[in-house]
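Naming follows writing order (A, B, C and D), and every chain is counted from residue 1.
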Amino acid sequence: MVVVMAEGATDAQVEQVVGQLVAMGFDVHRSTGAARVILGAVGGSERAEPALIELLDGVREVVRITEPYKLASRSFRPEGTVVTIGDVRIGGDEVVVMAGPCAVESEAQVRAAAAAVKRAGAKILRGGAFKPRSSPYSFQGLGEEGLRLLRWAADEQNLKVVSEVMDVAQVELLARYSDVMQVGARNMQNFTLLRELGHLRKPILLKRGIAATIEEWLLSAEYVLAGGNPDVILCERGIRTFENYTRNTLDISAIPVVKKLSHLPIIADPSHGTGRRDKVAPMARAAVAAGADGLIIEVHCDPDHALSDGAQSLFPAQFDRLMAELRIIAPAIGRSICVEPVTRRGWAR
Amino acid sequence: MVVVMAEGATDAQVEQVVGQLVAMGFDVHRSTGAARVILGAVGGSERAEPALIELLDGVREVVRITEPYKLASRSFRPEGTVVTIGDVRIGGDEVVVMAGPCAVESEAQVRAAAAAVKRAGAKILRGGAFKPRSSPYSFQGLGEEGLRLLRWAADEQNLKVVSEVMDVAQVELLARYSDVMQVGARNMQNFTLLRELGHLRKPILLKRGIAATIEEWLLSAEYVLAGGNPDVILCERGIRTFENYTRNTLDISAIPVVKKLSHLPIIADPSHGTGRRDKVAPMARAAVAAGADGLIIEVHCDPDHALSDGAQSLFPAQFDRLMAELRIIAPAIGRSICVEPVTRRGWAR
Amino acid sequence: MVVVMAEGATDAQVEQVVGQLVAMGFDVHRSTGAARVILGAVGGSERAEPALIELLDGVREVVRITEPYKLASRSFRPEGTVVTIGDVRIGGDEVVVMAGPCAVESEAQVRAAAAAVKRAGAKILRGGAFKPRSSPYSFQGLGEEGLRLLRWAADEQNLKVVSEVMDVAQVELLARYSDVMQVGARNMQNFTLLRELGHLRKPILLKRGIAATIEEWLLSAEYVLAGGNPDVILCERGIRTFENYTRNTLDISAIPVVKKLSHLPIIADPSHGTGRRDKVAPMARAAVAAGADGLIIEVHCDPDHALSDGAQSLFPAQFDRLMAELRIIAPAIGRSICVEPVTRRGWAR
Amino acid sequence: MVVVMAEGATDAQVEQVVGQLVAMGFDVHRSTGAARVILGAVGGSERAEPALIELLDGVREVVRITEPYKLASRSFRPEGTVVTIGDVRIGGDEVVVMAGPCAVESEAQVRAAAAAVKRAGAKILRGGAFKPRSSPYSFQGLGEEGLRLLRWAADEQNLKVVSEVMDVAQVELLARYSDVMQVGARNMQNFTLLRELGHLRKPILLKRGIAATIEEWLLSAEYVLAGGNPDVILCERGIRTFENYTRNTLDISAIPVVKKLSHLPIIADPSHGTGRRDKVAPMARAAVAAGADGLIIEVHCDPDHALSDGAQSLFPAQFDRLMAELRIIAPAIGRSICVEPVTRRGWAR
């Protein structure tokens, strides 16, 4: 850390700060200017709290100079991480689209959605079986039966599966059915859960909390990485601001910022990020234009009767058009979106 | 809900909306003005999503007219709730102060802190045994040994205990040692945990998430209340804003707002709410002046060597002075703070 | 407005509310449900304050049902407004790019910038002559001499001019040199200035305040429109959030939201919106992908020595590459960006 | 500033940074640690932009180490400033209360309000003659006639006057009638106006913008101070957050923060800070408990018929009770509130 002493700080005050820093295990470099002294402290303990130094007499400001995250830092793997799920690669040249219903509601619903999103070019089927809902009176998901239906529908279309895990006790169950384990925004700092997922051998999709700084988000990724699981995919899904026309404000600028700070792939969720169907396509296009490695989008064949989040789910035809628009945009940044002819297996809508 | 149709909405559009509302189980009252039609919909399902109606053609706006919470609402118990823990009553005439170290670090540390806060008039000893830390590399707490020390130090001083529970798996353990179960800001929407605590027969101290609206906070309380546990104490601990001089912005206005909306007691945490020792006393006074039912404050006999949050912990002498100031302020709003002579048992600092 | 009475509101309370609404000039429609009464009030005065009704006994909530802006509303001109400046049309099929230095510093600087941005396809030259700076000690602009240089450099390249007006007293001067009058974010609610600009016959570029809601922004546009000036171009330039990696958070979602609410064209300013050169291109691409009618971008031939905002200014070569990327993206949303061969007149870099 | 080089930065990169800093006029102190180099730069130009250094290769972070404000800094006048207006002293032992209607509406209204607030112990009469309103269709104030009435009512009660100035062109007029010139939140960064007020010999009441950081607020004060006017009173009036139950979030913590950073007095405006009558008293008490030097409160004898902000105006009886509560609280922080018997002159309500 760098300690900036106040103008007029006494020698005794400087000595006290130096003493405390040394006691914390730091090497201290002193730089004496005309008006003030600056102390550079390197090598100290992880646990040293800059705030403690800040309270000492004569100290004007303390600045931390190492990111608190290490394994998540771009400098740890400058070339970038590609997360591989079978033949799907997230973080490579292709922009990968995950799509499907907010919640799994029935066999017919999830199969229809899977067929629709596959047709349009999605690679991964999304669907919630356990839903974290603000109100205890809202639909809470089908549980394991939902996972079973989701897996079946995905397999039928040769899609991978991503679904949300809400609690340590659900990890084993989710891991049986899902290829990617989603950690929701509300659980971004559920450290018990993150630690558990660090021991898993499955990719984790880590959503950003609605008021999390990017540093906190990367620190949460660090919990997973530090546990031994190298495959974290970050997902921007909107932050809370004073603006009420949209449910959240999808922070598109987080995409280039994360790309610079971290080697981890980052995708965007324009469905939760806006909460309104008519805003999903513009924000999805914006995310890809800004450099996102992928998208996760809610698609429902009958959103007006969806049990949750129907208002932000696209109709299949809207999703088709969006995918076509994305295919035009991706080359502007040297990316592509899958266009191979799709062989439909089994049940079609 | 109330549905406001756009100017120029056609009869067919109005009919479609009415039909959908009726299908959702609502009784619909139509009010036709010169320029537009307003539909009042009452009696429908809990699960009806206003956003779905908002997307229909000709609809300008949909307004929800019932709070989504019921058991937490002031109208459910207009006289207010007093949470009783032995001879301590939170929500009554007395302003109750909880104090102690951020984390339990050692026997000597927690016993010294307990003696100090008891002497000044605190009724409940705080101390963390499991610490939710943003970084995986920070001190994570002593675990059960910490709880044992905390309970012992509290009993020695005839204090109650409050400590944080981070996960469903810890509930049983925490409940053995703690009189009040604290749910941290990061877990405010850990619904699995909240549901579990609804089955407990111990008071829950529910901290507000740093970006939670008051409505979301009351909905989280609703999870506990709906499970059958009537004793929820709300705790304002600061929201995240653009201002960086303080770690968070303690939202003092949340105190009178919650008092109006809910019957539950509300306390404030000026230690986490500011993150800086020299801001704790002003904000503690402000919280009491605004009508808080209590405070939770970090006190450490040697904060410069605290393993966590030392920078926001008061020295015992500062805590003494603060308590004296609060005793002057409390009568301005018809409250008091305990002044009975304290009989010290056993070990003294 | 719609007044929702509390459950259990008495008849006398309802009568009092009805009386007050009638006194305010409203027609009142009463809708009596099983649990509560809803009052629909239409036709009252512009100046009626819903908050006054909200304070009456027995009232649970008051909802305003008309937008407070009228002339800025999409319903006022459903087909959308195209602002025409000579042969430049903002709000039509073409995405219009304004570019140039933050501040005019010298003849050589502004001529070089003008040549560079023209070559890349910009249509309008930006440059500040009066700079609103947070600190009184920062460079405040060249004043009229700056405007003269700006106009000259623009004319030399057949570009239009946009420059900022900070005060009523400057309006006449700015109008002599500039084709578009920019109102900065800090002046978005300088109502005296807005009223004055309402009497002008020049397009106004109205930037969004860093904490302005979209409704407030449209109300500020309304001030100009109500004065008789129909040509307002809105400019999103970043809102303030808790995130510090970027100077502001460019709210890309404001673009589709404004497109729905208003008929006015909207452009984005990724330079101020991010404050960092390496974030400008991703956010510029995102804005166009989301449907922006144009961009305003800082370009400087020697940004390392710029007197203001050098850190967010693009080098000409970066701007060239960005324009090429935008030409790929625009067709995805049915737009284009000028590609006609440019005839360079006079001085070249 | 302090420049932290990245791990692995080359000597050439360090040299380039040093060269640039020296070119900016800084003396540079180099501190070489095991892992990285830290450069301390002191004495450079006011205009040096840290962001420019931050963009250089090999730079990890740049930290500014001097506050950009000087005259507003606590270190400039450690003992604190007392602003004197006749026999009223703001920033001394007494907590000074300013009160009166939001807008001057009529002779009867302002005289009644003046009598009421005087009786309760206010020292300064507030009232707006020029109102900055979000909507062009709202009541905009009585103009000079309002000022005349305000002055008359104040003189009759031996009160001082504070009123808002919105534009440079109004300064001379306002100065004729008002003892304190208020700059509203929306004009906090109207630098043209601030510069003009720097040449005045009257105290300035500078409200904080709804999204202004404390540093920006103090920089705006610096504009006035740098112009030669030493009498600036800061006024916290609420910041915009995501919470909607209150119109703004009155940032009580800004009071102790400003007290530490600056020598200027600070007061709070709980009326605009909450927007709701029933929240004014709790927040006024909180502000005084946190150490505010004064309050500015809206009081109206008939708020239900006020032409603006009636919903946040106190009835005289509510104001009386609040003043009594504040007289209990003030001694807790070594302050007092005037209790001398009031001799009523002339007209009484």
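Going forward, contacts are C-beta pairs under 8 Å (C-beta built on N, C-alpha and C of every residue); 3 or more make two chains touch, one makes a residue touch a chain.
Since the model is a prediction, treat every value here as computed from it, not as a measurement.
Here the chain-to-chain distance from subunit B to subunit D, counted in touching steps, is 1.
Using CA-based centroids throughout, the chain positioned farthest away from subunit C is B. Contact count check for C-D and B-C (C-beta pairs in contact): higher for C-D.
Each chain gets a centre from the mean of its Cα atoms; for subunit B and subunit C, those two points are 39 Å apart. Centroids of subunit A and subunit C (each the mean of its C-alpha atoms) stand 31 Å apart.
The centroid of the Cα atoms in subunit C and the matching centroid in subunit D are 27 Å apart. Counting partner chains per residue, subunit B shows two or more touched chains at residues 211, 240-242, 244, 278. The touching residues of subunit B, counted against subunit D in their complex, run 211, 213-214, 239, 241-246, 249-257, 260-261, 273-274, 278-279, 282-283, 285-291, 325-326, 328-329, 331-333. Considering their complex, residues 20, 46-47, 49, 51-52, 54-55, 68-69, 132-139, 166-169, 186-187, 189-193, 195, 209-211, 216, 219-220, 222-223, 226, 240, 275-278, 303-304, 307-312 of subunit C touch subunit D.
Looking at the complex, you find that subunit C touches subunit B at residues 2, 4, 6-8, 27, 29-36, 38, 40, 42-43, 60-61, 63, 65, 75, 240-242, 244.
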